[in-house]
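First chain A sits with chain B, and in the next complex the same chain sits with chain C.
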Partner chain A sequence: MWMKKHLAPLVILAVAIILPFIFRDAYSRQLLVLICVYAALALSLDIIIGYMGQISLGHIAFFGIGAYTSALLSLKLGMPVWLGWLAAIVCGGIIGYIIGYVSLRRTRGVSLAIVTFGVGFVIYLVSQNWYQLTNGFEGLIGIPSPVLAIPGLPRFTFESSFSYYYLVLAILVFTVYLISAVLRSRFGRAVVALRENEELASSVGINAFNYYVLAFTLASALAALVGATYGHYVRIVTPRLLGMDYMLMLLIMVVVGGKGTLAGPILGAAIFILVPEWLRMTAQLRLVLLGGIFLVCIIFMPQGIYPALVSLFKRASLSGRLWLSKVGGGKTF
Partner chain B sequence: MTILEIEGLTKDFGGLRALDKVDLAVQPGEIFGLIGTNGSGKTTMLNIVTGFLKSTEGHISYKGELITGFGPHQVAQRGVARTFQLTSLFPALTVEENVISARHLNSHSGVLRAFFLTKAYHKEELRSRQKAMDILKFVRLQEKSGMIAQNLPAAEQRILEVAIALAVKPELLLLDEPVSGMNLQETARVMELIRLIQQTGTTIVIIEHNMKVITELCSIIAVLDHGVKIAEGTPEEIINNKEVISVYLGKRRVGNVES
Partner chain C sequence: MDWTVFFQQAWNGLVNGIGYALFALGLTLIFGVLKVINLSHGEFFMLGAMVAVFLQKLLGINFFVALIPAALLGGALGFICNRVAVRPLIKSPPMSTILSTLALSYILVNISLTLWPYPVTLKTPFTGVINLGGVHITEASLVSFALGGVAVVVLYLFLTKMRKGKEIGATAQNMVGASLVGINVKGIFDLTFVIAAALAAIGGVLVAPLWQAYSTMGQAILLKGFAIVVVGGMGNVMGCLGVAMLVGVGEALFGNYVSMYFKEAALFVVMIVVLLIRPQGIFAEK
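And then the complex of A and B:
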């Protein structure tokens, strides 16, 4: 019964698990890792965009904070990578809480977008200019790979794209599960209620400010975790990671993929990592085509690609059933 | 002990005095009516009581506790619920989800429980849905529980609003023009509902323009005009009050006919 209900996600998970065996070259496997990383990051941003109904243009800063935190702790203090990731979550969470606490008091909507943009930009500047800590433009290099050292088992280093893929896939699955758990909890319902009608939600006892800050903190902590996993994969962390171009790409992944859904941001991440790669062969036209694709998607599928596919499927299966019932002598399904 | 006490309530919007030293006292268990011309300050007063606006001067006490300056969620936590002048729902959610969301204060599905899908979580979820359906049955919307809220016909949207307010389990319910835009049948249905709610022990304050509803349901009515309370009394007293007639009701009045 449980199997049947969750059949689709389980099938997708099974496919995801065998993907590195189908795509055996290093380049494809690298893309798979990046897709998982950005999918999880997009999901964390979707907490703010899809479930809170707000816009944060500084979200990428938490990705960077997580990457730098973990990288610094393992490089400078020799901490095990896993602890670095934990620290990244805590750090991202605390900074997210502070920023949320200060920004979400009164600002909503466009003003919030501007505030978060400002904050994100400041953090970007810090990463560039606090030379002693972050090494400025050159960034941090030689970041160690995560090592699994369980006594009694052989020591394993997550260095290859193959092994790292399963690591980030696990994180992606965890993120999906966490968000779905939040959604079916009182907390998640409150946040959705706030998105639907903040005034009404307040009138039934939901403390808007508290829940906004909590959701924002969760999104930030998640983004930081994803950033840490990315840092220990590419093993170089530079301020570019916090740049506006990546932030906009992330935004597009969420919105064009389908905000407020679990599959949307994942689909968006896959599409907007793969398509630019496929367009490489078109050289200068690449960015123009990419821009064109965004526009087409947003105009024809304003709710996102995933919701559009779902409604297409619904209509197709409905007409399919109608057709089948006619063929089957008029018996309705 | 009065359940709601408003003292010297004054509200200025810049140069405009929307409320001028209004005093009001609502007794537990009664249905209290608030009438007046548009712009007389009725909704402003409601907004201040429920924490959506801050008063310029004056105090509000609920069950003896000073709630002046409380935010909306704090007022709700104490057992005061309201509806809105313009229909206010969670539009994209289903009717059932609207009520479940509104049960926030009475729900216990924590994230940790939801994460591990514990037995306690499932029990709580079942209980939540059950209670939500109970409320929907009370307002007779249970058959439309799966419908998206914004697709409901207008009158039923107003009724869903009441259901949402009831989910707070209020001791004091403030209704802002609950029958506006309704025909006779729909109005009668809502009036019946209001009577049923009173029977459960809830105190009700109604802002309305429909005089039939006000005079038939309320035991006490207060009249506002340009932010000032010009009269307070039983329905009899109010419809015969000269000042109320000249300001609001109009000279031509025959029995209980709506003016």
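And then the complex of A and C:
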């Protein structure tokens, strides 16, 4: 039973582990790292979009907060990278809690989208204009790589894409595990109930505000952690990371991949990292094409690619069984 | 306190304010009538400026002549936007239209970037400067301000005096009621989009000689437009006009006396606070 239930995720994980041995060049490995980073980030946004049923247009700001927090701590205070990551989680969580606490009391839906849009933009402006701290447009450079120094073992620096891939893969697995565990808990079920019908859920004693704020905080803290890991990989953090381009990309990954599912955002991240790379020859026009794919998906496939694939597969297997039963002389399976 | 500096900044702010107003009025109209947040509105504005750029660079036509083709093209783009990105999703949750108009905006910006990648400052035939007791008023800014003012007055008269304009108001108030008394609501949606987009395109032409014309200018003004719409009360036309002028002047003064770098941030903080404390806007009656 355990095997059957966990077979698909375990197979996917095994494939993910051997992928860098198949794609050996630095370029492909870099893409693999990026896919893991964006998959984890998209999953954190999916907490808000898919499970809370709200929309945040400022989520990318938390990615930036995490990246800046950890980078600044390791650059200016010489703090070990792992502690910086912890600080990024705490910092992202606290700011997310404050923003969620203030905005979720009154606003939902469209208003929340505008508030988060505004908050995200204010944070972007701060990262760009607080020159003494963030070094403005040029950003922070020379961010150190994480070092693993366990006594008795040789020091190991996560510098190559190869080693970093396993690091971000671990974070992606952690994110998936965390979200699926939360979904099974009372807290997660309450959030999903709120998405379905806030008034009804409130009437049976679910405190909408508390659960929403908590979910928003969790999403923010996760995004900050991913941001911190990303900063120490590319080793340069600029305000561009917090820009609308990345926010749009992230939204596309979640919505086109399939919101409210675990596989959807991961699939979305993989597609929208790889497709632009393959379309590289058309330069600017590939962005036009990307926008076009996004638009077509929203109109014709509002549930996203992954749920569409699942229902297609189900229908195919159903009609396959019907066909088998017909040729099998009316025997039903 | 140096009053000439104060009035100079206030004038500059008023001129910017009329640009913001032309942009935000359409945004608030679309929200009021269709209850849709149009994230591609900035591209109508950008289109206006780009039409002026192309006409001047390719044909040598003065920017104010470009107003007419810009308004027509803007209106056409508004119509297309409504039919492609909004109408198929009008019954879906609000998130769908937010995302679809965002996607459309992304497409339009990148098309524009391929066609015209670098910023242009438009030449204007009005080069004189009027000195009003130490306050310098360029003729270019005066012309833009006057033309923008005319556009706003025309919109006001249309909405309050003409039958179609009143139908827009009726649809904004009560969509079901409007359709019950025989108003073609879908047609009103089209019309609202056309008018809003044409206004934004006119705004884009008018600001092109004062600010710069560039492909991402729509994205730059979009957030400001939202802030204005929210503070003025979403769907409230007069509130929007008042706040647009206030924002123009307030921003110029804040930039001069407090901080140049954080003038935009200050505006968004005001927007967030208004949205949280008084979501109906500062000019609402209740």
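Going forward, the second predicted complex is superposed on the first by the 328 of 333 C-alpha atoms of A that agree within 3 Å, B and C clash if a C-alpha of one lies under 4 Å from a C-alpha of the other, contacts with A are read in each partner's own complex, and residues count from 1 in each chain.
Basically, a residue touches a chain if its C-beta (ideal position, glycine included) is under 8 Å from a C-beta of that chain, and two chains touch if they have at least 3 such contacts.
Computed from a predicted model, the values in this text were never measured in an experiment.
Once the two complexes are overlaid on the shared chain, A:125 sits against chain C while remaining clear of chain B.
In the superposition on chain A, the chain among chain B and chain C reaching more residues of chain A is C. When the shared chain is aligned, chain B comes close enough to touch A:199, but chain C does not. Touch criterion met: A:255 reaches chain C, while chain B stays clear of it.
Applying the stated contact rule after C-alpha superposition, one finds that A:244 touches chain C and leaves chain B untouched. Touch criterion met: A:106 reaches chain C, while chain B stays clear of it.
With both structures placed on the common chain, the touch criterion links A:320 to neither chain B nor chain C. Contact with chain C, but none with chain B, is seen for A:288 once the two complexes are overlaid on the shared chain.
Common to the chain B-facing and chain C-facing surfaces of chain A is no residue whatsoever. Of all the residues in chain A, the ones that touch chain B in their complex are 177-178, 181-182, 184-190, 192-193, 196-197, 199-208. Interface of chain C with chain A (complex): residues 37, 84-85, 88-89, 92-96, 98-100, 102-104, 106-107, 110-111, 113-114, 219, 223, 226-227, 230, 261-262, 264-265, 268-269, 271-272, 275-276, 279. The part of chain A that touches chain C in the complex is made up of residues 49, 55, 57, 102-103, 105-107, 109-111, 113-115, 117-119, 121-122, 125-126, 129, 244, 248, 251-252, 255, 283-285, 287-288, 290-292, 294-295, 298-299, 302.
Interface residues of chain B facing chain A in the complex, by the touch rule stated above, are 50-52, 71-73, 76-77, 81-82, 84, 88-93, 100-105, 107-111, 113-115, 117, 125, 164-165, 167-168.
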